[in-house]
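What follows is chain A paired twice: with chain B in the first complex and chain C in the second.
Here is the complex of A and B:
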């Protein structure tokens, strides 16, 4: 749209109302924008990413701040630990603060195994690169001829551009570089360092509350999120006999802790991921009350070591994922995922979760000696095998 | 307040049965939408409500009640609603700090074997003090006690017998003595029969409360599995105590929860099907 020549030099306010629109964008938003969060489209709650994009989709867009995600571990604790590491790595990339608690491994070991993020541009903290770029001569090979107006803009995207995205991808074959990891503030709780007479869960709750209060996450004007990762609660190393006996003596120690955790999270800007070895807990009613005290609950069942590992039907996947609970906070209805049968696969650059169903094989493909999964691939295109025997 | 549920239960905010103990129960489902119905129903009926919100924060109940047309903050300021926020009060006991006053109502968290006497005294003191005597306070209707949800007390270590004692004491005070109503939510898990002999716990609590109550609404998933348009079924059971012994009347409905309410319909008449 060509503006008339005489109005180009005038300031906007003096233009006649017939030539320009009086639209002004209202930036009076009440939500404080914290990097790495976004409001939910369903009920306006603040969401953070779990680090796994397909899991975010399952949970309704992300993990709501103030809630707990319960992950029932798979038998060898490989994939649940992976999701915990994704969660913590996402916190590092978004510059949230971390709180890691474990009884078996040192939290420092968990933090050293975080996967490396795949960023499009230069990594977050390399300020030494900037002066080098700016003293390149302007008439270098990069001199722009068509888009010359953009010549003077910095060549590197600022770090904020990558952290304002919601959800990142990680390369699990590499670990996160120490400079990136050390830039994030991590609080640790390693149980052998806290010998207590009282239950270890109350020591953990007290420590978490101290961190929240000291770093100011419970103040209404807090500007950052605390990500809490609790590894393998309910295992015997936490001083709990839930996983050892059919009728544990203190069956309510873990549930009381989860109640206190919910109280802490609801009153502060934090989010927690808890993994529980549910395959060791025999009491189903107890598992039910643990699930109800957490807001989101998923269970992982990996195929490793079972006969399903060699079953051709499951050959594309590493395991099954069950969604046991999705919260409906601040609203009446909740959004369960459409598919109830979900399977996951850990690839190098992505953890995918897909709806899973058995493919019916072609009539003619049964003559093939290849597995039926082959016919699943042929379903999408014209099948070369004859339809009639 | 769900209008269809009002017509099923034959009650309106202007006229409802008094001295009633309503039990909401669910099995592998979520009946908490019914608690929001009863909360907004009794607030609209200008009753004095004591709400023990043990599982969620106040802002959660407030946000949903806003959508149903009732403001909890206003009701609290006027003195109509007494809200016990279990989560917030429990922190003062679970993480004891010097200089912080400990909440009396949730004192049972310190030693769950003691029982729920302190919680009962909280309920009694909040509902017995009628607001008619002081200047400026309005006269409210019959007192109502709402509990969401009572089975979390089992998770906190309280004995099922102690919870049944608590509900019996509350019923004696609220329903018989003060001629008010009581609504409790109890949540169950797993199959109905075939427990591994574990009688202490949710099943015992459910059976005991079902025996004490006068009206139950039992929420379950559909027997045929998960469906997006029909969220489950509700079984309404009246246990009338007429002079010539009890006779029960049962009705079964299916329901769907929306953003601003829930719709109830007879089996097979869902709008998605017809």
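Here is the complex of A and C:
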């Protein structure tokens, strides 16, 4: 049998010495094996992770390379910014290249706020919140009290070099180490540094095209992916009056940009996440055409500041997530999520998105002390089974 | 939260007081100016809507002298050739030049009365850009602006407030001289806090904050009632005291060996046990052919 094409030229760095199995899939397919990507089980498209595993599931396994994800911002731009940071952090961990553009904050500030990835270790039995009573030195041999037979086994996936994993988890309370961040190549576009007479969007598009061409992402034999993060397009700081006036004068500026962006992405190995402050854009038809021009579209609605914040129905969650569009790439129908009412919660180590069921016992809850005590006892399991872990 | 804001915005802060025709926010703006002047800060006011005398009512004379008022009231569009401040001078370079002229060592707080006037004559994206540049730049430490929310489209008000670090929306209160302030504050870490307070302003421009509105208190009582502790009403005890925890740590579990035995077991574990298997004729068990009578 002829030797498979891939294994001959396989770079040694990809085979982590800590693999628990030496099995290598012999494949002669034309799929390029780029770290951090995997083919979709539905239509064979190359997918990348958005950094949020729940969102990957919603989008059908991940974000397809060459597509645009539109995130409609929540009112105070807290959660949409968080998802953008997850996306960029995932790019750093998978060793992709990054392109960050912003008009309000310096891209360097956004890059410094990226969350730290959680590295997988073998579970070490460590009593976290109890005081250490044993006074013997805690060296690595005594680290495990009960599972000590497994101490000498190599740790699985402890280094970031194991990029064979798809989708990582991040700890929001810590920022990424500067060494890890600087290992990734980042291209920046900060609008105040590019004072142009022409539209700022065309300057951005030109800059992106130049980066793609210079780094060789549009060449057929390219081996890496460019992750493009565009923050708050359509806001007034981009020189656009879409969000200021009900009838904007240059309503085509953003739509032409998105059209050009999608053309650029389809012809290169890149993927983009765009956030738009849709709560400021009053023209619904314009918002609809912006949604159509992007492949995936989700909208975040945070409970902060609305009357829903104190509603007991929503007390476990931080906001609602609406999926406005899912693409069908190279196939006839698309995979919509089973459940249409989705709510999200930002926990320290995970951004969870769950289907949300309305419990009948909560409706009509009176402020009577007696009945509220009763409903508290029935309240053991209001959280529905999540869509994924 | 209103009192915290009155005590001074931190640097780079942009505060907006949003009012409407039913309740004016200028008195609150004057209270902010008064509080800042009492702290001996350098204040520059761009006055478009009211004259200097009217703005200075209620301020003590010494405070009034320390206030730098840029007169944009008499001739805001520059029709006569006065040396007044015009609305077209609202740009980063000119404002920085204006503010640096006074040669004050302290960083300056810029008060804009009002942003609505500027938005009427300069396009909103340009205003947003200038405000963002002022927020970042070093000449101005903080900006306080008055915005009449009912004079503009929702998108414009939303865009300007999106840039602000704190927004106070003033609405008429129950009694005559009281007003309700809804405050939204965004910290640098992205955390958003909100509050609602009833306040009134005295003659000498000090703000008295009364209790919060009653419907807000009612809502806050509810969520606390529903959180019951599941370990509270049980017939058995689920918690550990300190002595109990120490005893638990000391307990010798059946497979907890001493350190020497552990190392002995760990290091000898390689290659000592091997399984030797010689396949037997009876072991040739084919799942699909249990009777072994297929003619293969």
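Rule of thumb we're sticking to: the second predicted complex is superposed on the first by the 294 of 389 C-alpha atoms of A that agree within 3 Å, B and C clash if a C-alpha of one lies under 4 Å from a C-alpha of the other, contacts with A are read in each partner's own complex, and residues count from 1 in each chain.
One rule holds for everything that comes next: a residue touches a chain if its C-beta (ideal position, glycine included) is under 8 Å from a C-beta of that chain, and two chains touch if they have at least 3 such contacts.
Bear in mind that the values here come from a model prediction, so they are computed numbers and not experimental data.
S.K.: Kindly classify A:310 by the partners it touches after superposition: chain B alone (first), chain C alone (second), both, or neither?
M.R.: After superposition on chain A, A:310 lies in contact with chain C alone.
S.K.: Once the structures are superposed on A, label A:192 by its partner contacts, choosing first (chain B), second (chain C), both or neither.
M.R.: In the superposition, A:192 contacts chain C only.
S.K.: Return first, second, both or neither, reflecting whether A:223 touches chain B, chain C, both chains, or no partner chain.
M.R.: Neither partner.
S.K.: On the A-aligned overlay, A:292 touches which partner chain: chain B = first, chain C = second, or both, or neither?
M.R.: Only chain B is touched by A:292; chain C is not.
S.K.: Return first, second, both or neither, reflecting whether A:280 touches chain B, chain C, both chains, or no partner chain.
M.R.: After superposing on A, A:280 lies in contact with chain C but is clear of chain B.
S.K.: Scan A:145 for contacts with chain B and chain C and give back first, second, both or neither.
M.R.: second
S.K.: Hey, is it chain B or chain C that touches more of chain A?
M.R.: C
S.K.: By the touch definition above, which chain A residues appear in both interfaces, chain B in one complex and chain C in the other?
M.R.: Looking at chain A, the two contact sets are disjoint.
S.K.: Quick check: in the complex, which residue numbers of chain A touch chain B?
M.R.: 202, 205-206, 209, 247, 252, 255-256, 259-260, 262-264, 266-267, 283-285, 288-289, 292-293, 328-334, 336, 338, 340
S.K.: Per the contact definition, I'd like the list of chain B residues that touch chain A in the complex.
M.R.: 30, 33, 36, 56-57, 59-60, 63-64, 67, 87-88, 90-91, 94-95, 109, 112, 151-152, 154-157, 187, 189-190, 198, 201-202, 226, 228, 257-262
S.K.: Give the list of chain A residues in touch with chain C in this complex.
M.R.: Touch residues, chain A against chain C: 76-78, 81, 104, 130, 133-134, 141-142, 145-146, 148-149, 151-152, 192, 235-241, 243-246, 277, 279-282, 304-305, 310, 312, 315, 367, 369, 372-373, 375-377, 379.
S.K.: Of all residues in chain C, which touch chain A in the complex?
M.R.: 123-125, 128-129, 132-133, 153-156, 158-159, 162-163, 184, 186, 190-192, 194, 218-220, 222-223, 225-228, 245-246, 249, 253, 255-256, 259, 262-263, 265-266
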